[in-house]
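In what comes next, chain A is part of two complexes: it sits with chain B in the first one and with chain C in the second one.
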Partner chain A sequence: MSTIQVRRFAISDSPWPWLFPLVALLMVFTIYPLIYNIWLSFHEFLPRKRTLAFVGFSNWIQLWNDTRFWGALGVTFIYFIIALTCEIVLGMAIALLLDAELPGFGVLRAVLSMTLVIPPAIAGMMFLLMEDPQFGVITYFLNELGLLAKGTPILSTSSLALAGVMVAEIWQWTPFMVLIFLAGLRALPAEPYEAAMIDGASAVQMFRRLTLPMMSRVIAVAVLLRGIDLFRVFDYVFVMTSGGPGTATYTLSLYAWQQTFSNLKWGYGATLSLVSLAIIMVLANLFIKLFKVRW
Partner chain B sequence: MATVEYKSIGKSFGAFNIMRDISFQIADRQFVVLLGPSGCGKTTLLRMTAGLESVSEGDLMISGRRVNDVHPRDRDIAMVFQNYALYPTMKVYENIAFSLEVAKRPAAEIKQRVERAAEILNLTPYLQRYPKELSGGQRQRVAMGRAMVREAAVFLFDEPLSNLDAKLRAHMRTEIRQLHNRLGTTTIYVTHDQIEAMTMADTIVVMRAGKIEQIGSPDDVYDRPASKYVADFIGGSAINFLSGVVVADQGGPAADTKAGRIKLDPALTARPGQRVICGLRPTDVTVDPEGLIAARSMLVERMGHDAQLCCEGPEGQFLAIIDKAARFEAGAEVRFAIAPEKVHVFDAESESRL
Partner chain C sequence: MKDSLRKSYLASITDRFVRGQMSRRDFLGAATKLGLGAGALGMGFGNRPFMLSKAQAAEDLVPNPEIIAWLKDVGKPFAGTTLKLATESTPPSNAINGQLKKYFEEATGIKVEIEVLPLEQVLQKLTLDVASSLGTYDLYYIDQSWAASFSQDVFDPREQYSAKADLAMPNYNLDDFLPALVDGIAKYEDRWVGVPYDIPIFIMIYRKDIYEKLNLKAPETLEELYSNSKIITDEMGPNVYGTTGQMKSGHYSLECDWTAWLWGHGGSIFGPDGKFTGNDERGIEALEYWTKLKATMPPGVDGWTWDGQGQSVAQGVAASMLSWGEFFPYFDDPTQTKVSGLCEVAVPPRASSLRTVKETGYGEIPGVGHQGGSSLAVSRYSKSPDAAWLFMQWATCADTQALITTLGGGTGPTRASVYDDPRVLANARVGAGTTRHLPIVRETIAKHMGSEPDLPEWAQLSSDTIPVGLGKYFAGSYGSPKEALDDIAAQVDAVMKG
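Presenting the complex of A and B:
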């Protein structure tokens, strides 16, 4: 005998008629473009003839042999891993500090969420100016601290450019993590902590043995949301470096965009975007399985 | 060897004073129950003892050491919480072992102590389960196990049985008391259930609105309640109160009430004309056609081994425990008698015992 499934909002016994508009929209705007994209990856646009020609697997073979693709994939992974790690660690640290009912903390939490209101492209522009070698405030402080030689352009130095872009990303999205983690922390029961205090646990032991396990689902959802977002990074790189210097900050999305819209290689662009979709899907599902995330 | 001593303890939340001048001592190996209705301050006093709540005034001594500012982990106490406060992401074994693990005890010792506690509490088959996979009674026992392995000097219980059903509660009551007899750990137990207090305690501390109303053995508080409040709170069936005026009767004092004349204990120091409240326990009154107390019978409630006769008295309900074979017609007048020394007499003004 199966138990009756609880549905928090049920108008009728069958959900399908009510889901029809959504399914229709998904078909038109998600499923159809996806199928078209797959079809497109076996074709190539011929600008002179203004037609699409069938090219078989040649786009896929080209991709396999394309060093720029592998380079972009590497940059994307580095960006994804470092930015995600920083956002989780910083987000959790700030959330733990803000998890108290002290005067002024409500204001702090509100101020913190303000970075999320700024469009990412604008945030990118802000950091582009702040990292300017002549008058940028970040450059100035790094110079004063002796961490950066005077006159070094952060965003035009291959070894520094990616870090320069990531700063904007981390600045803007750490508060998002803080808000999610705070919501999770505030929902935790107080009693186990009181018991742990009596049991003699230190702050670090309580964090490791109580907070982290009890927060695992919240953390997993946050990682998934941010992870997917990070993997398709486009706006910051586009605005701040356009992939340069050289290909130092060329990410997969940027490369696919460039192939499609600058070089008008629609078929190859479609192939590139399909690969990023596949990677995101595999990673996300692996993560869901591994950390037992329940949706 | 552990004693607990409260010296003029007070507690305030901001400008709001909820407890003042609590002073009493708990001897080594004693089982003390803090009893009172919700909001009387008993849980706050326990949490202050545990160090989960700060002490606003006075000195809190454990084994002769002032612990007001000592961290909970350094007070040598163990606590069982009302909703158990188990660690939800740890298995039963880890829950019980946690305090030993954070104290960095050797693994072999931890294993041995956890297994011994599990054996005593019949938890051995459940050691690899998570708390959410256990029943209320099992969770309760895990909470006990967690307290036991610490081998603390003082056990603190915060209404540990209030979430269990009646039968299990009675069973756990016996178990906790037996455990105390076996381990001999000084215990402070908070409850609002007077049956728990009566059955388990060496000493009962009856609290009311942040103050101590009476301290005594279960027999003391039952047989000689210090105030009308204590008399009302302790006892299975609600005690009957009749207000009256003291008069001199032949052979000793008596009280004239609306229900009739009640003879009082000759040893009682009450002056004629004094306004008093007489407390008559339903178990002490007997149905007696010659009796001086009158009430109108309403209903007989059968309770299995005996029955409770509910009557309409001059001051509201009047209860008596009667033989279950007795029959009463609704609306008929019933007369009751009571031995003079069984009558609890309180001053009508101060409501304290005369």
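Presenting the complex of A and C:
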């Protein structure tokens, strides 16, 4: 192609010159790694021979018999559902409280965004300190309230460890929900509320019949964004419990990381990542269809 | 200080730390002064435990001029070369990287880039390097448990020394390396997989003041360790506990503790037929002992790696530990801990019985003094193997090791002569960077050292299968030690079968 042809092509109506940079980036950083990962899932690294050997579907078959995988999947779903529910409920409640023009609320709204700038690993370390069985602030209050026996290590007790990790996640990401919901709430028209008040509707009725339906698209976007993030949870678990005690907090991402980088099972690690990706895609699309989310 | 005030202050410093108004060092210092929970400080991200506790000002410690002159002479042809090494954060690597490599670089013109990484990332980088044969790294830091895996990928230093007479450092003396370390760390079958580079090893560290107050003597047997710990916990708990551990579920440190108790009760990880034997009678006895001993440790011990374990002694929460000797110089540093001068060392408690190497598998060497050493070797894929060999000789020669030992805060040398070096002996007093524990380290290496087996699957078994199973046991997921160990045995078998 000559220089003149290139120039003509660039100034033509064709979208390709403008799409090319983005497509190239997608190819390099998304499509190629995805294809490579799929290829890798049919291979396995052999440490003794230092080669990748073709193993067919054995990594995929192994999934069905791998109790650690099913356990990690279960933990991930529990984490995903509980943390997401808490973040939505708390996020909406705080957003409703802050949706007013009272003195200091502007500052309060700005302060809320502060948790979001902390790297999750640091937040995990902070909660590790606060949940220490001897000197942790959270442990102290739980002890004082009689909700936790003295000396009980939250993060080393099977029944409590996941909740201990989730607290950090919820603390850090609920403000994200608040900010999104608050933006949605402040954009709602005032007229329907005025009409409802004239008709004598209660606050609960207005919330159920007006706020929730009008906010549905905003809620859906927030749920999608947080849901995807929650399903990939890694940092908090890695820092706070390393998946323990035993496998009580082993999530799918941690298991995939561990298989890939600790056990050097690159093929199986890739398979686990693909399963995680597939589940996220199915859930996200299902959610979009069920709740008729339009972008 | 009132508990509530302490917590309020803790919240305040945490806030300042998170906002970037306080360095991590200051934050940890303040937290330590607060008597903050050891587990909280022991976050354990895979780096080794050892804190740099400087003994002398760096300017007082310089390399031998004769060695520098030799480096200048032989290093000329390699000027401009860049060498790369990926290593864990260990005293030798930290001392070389931070304070010593400048002397090598100035003398030779060779640039040395040292990447300090968590152990599993070092393994990952080396594995990729050998799989691709790219020679990205000229020198390999090889954990003792990887010797089998990388034995064919590095030069045998004995062959290098004899084959390249013009590059052989005068008086390098390969025979000076402690024979037990050569066998336990650097040898696989008949090959040397590099030379012993560092040697963290379990020794008994205890609070002499508390032991004297309660009329106790340093434990000579495992039963004495338990009875001492129980007495201290009964008398001084919950402020002070008898002993402590590194028992975080799923972490390699948990496996390290397990081996000491297992070997100490006459057990072994593998039998001569390569089958897992950690679940035999001796293995069960060891786990029962450990369960009993854990009751004398601070709450939260099963959330700690080596960091938390060390902090629990440094903060006066625990009165003893059977653990890495390299903590000792840190404990003796009055600017860092509240136990300076109060700790003493002893060889590990005697095993009730010990299996011989022939009774175990994969070169496992039973001994209560668990060692976690590593070797340094030149990669066969290096594009500058001669320059790398020069660096390796300098980094592991007696003079450099003596500097590392004093600069690096009393880390255990791997050469016999360094233990008697005047610079090292001069630091054998209470205070920062002490070397007064080194005679015990040396004796432990010679008489009590335990080494893990060498097999390619060991990385997975030691960092996942075994510590996850043990973590489940201590979390109460099994009905008995036997049930837990049988389950671990089944999982080990599955890993071994691939």
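Heads up, the rule we're going with is that the second predicted complex is superposed on the first by the 280 of 295 C-alpha atoms of A that agree within 3 Å, B and C clash if a C-alpha of one lies under 4 Å from a C-alpha of the other, contacts with A are read in each partner's own complex, and residues count from 1 in each chain.
Keep this in mind: a contact is a pair of C-beta atoms (placed from the backbone, for glycine too) under 8 Å apart; a residue touches a chain by one contact, two chains touch by 3 or more.
Computed from a predicted model, the values in this text were never measured in an experiment.
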{"item": "Joint occupancy of chain A by chain B and chain C, clash or fit", "value": "fit"}
{"item": "Partner chain in contact with A:P192 - chain B first, chain C second, else both or neither", "value": "first"}
{"item": "First, second, both or neither for A:P103, with chain B first and chain C second", "value": "neither"}
{"item": "Partner, of chain C and chain B, that touches more residues belonging to chain A", "value": "C"}
{"item": "Centroid geometry (CA): angle chain B/chain A/chain C, rounded to a multiple of 10 degrees", "value": "150"}
{"item": "Chain B versus chain C as contact partner of A:P213, first or second or both or neither", "value": "first"}
{"item": "First (chain B), second (chain C), both or neither touched by A:M125", "value": "second"}
{"item": "Which of chain B and chain C A:G56 touches, first, second, both or neither", "value": "neither"}
{"item": "Contacts of A:Q258 with chain B and chain C, given as first, second, both or neither", "value": "second"}
{"item": "Chain B versus chain C as contact partner of A:T152, first or second or both or neither", "value": "second"}
{"item": "Closest Cα approach, chain C to chain B, once both complexes are overlaid on chain A (Å)", "value": "41"}
{"item": "Residues of chain A contacting chain B in one complex and chain C in the other", "value": "none"}
{"item": "Contact footprint of chain A on chain B as seen in their complex", "value": "50-52, 71-73, 77-79, 81, 83-90, 98-99, 102-103, 146, 150"}
{"item": "Complex interface listing, chain A residues touching chain B", "value": "189, 191-192, 194-202, 205, 209-210, 213-214, 216"}
{"item": "Interface residues, chain A side, partner chain C - complex", "value": "45, 47-48, 50-51, 118, 122, 125-126, 128-129, 132-137, 140, 151-153, 155-158, 239, 241-248, 250, 258, 261-264"}
{"item": "Footprint of chain A on chain C - complex, ascending", "value": "3, 6-7, 10-11, 14, 18, 31, 34-40, 43, 45, 120-121, 123-124, 127, 130-131, 149, 238, 248-251, 298-300, 302-303, 317, 456, 459-460, 463-464, 468-469, 471-477"}
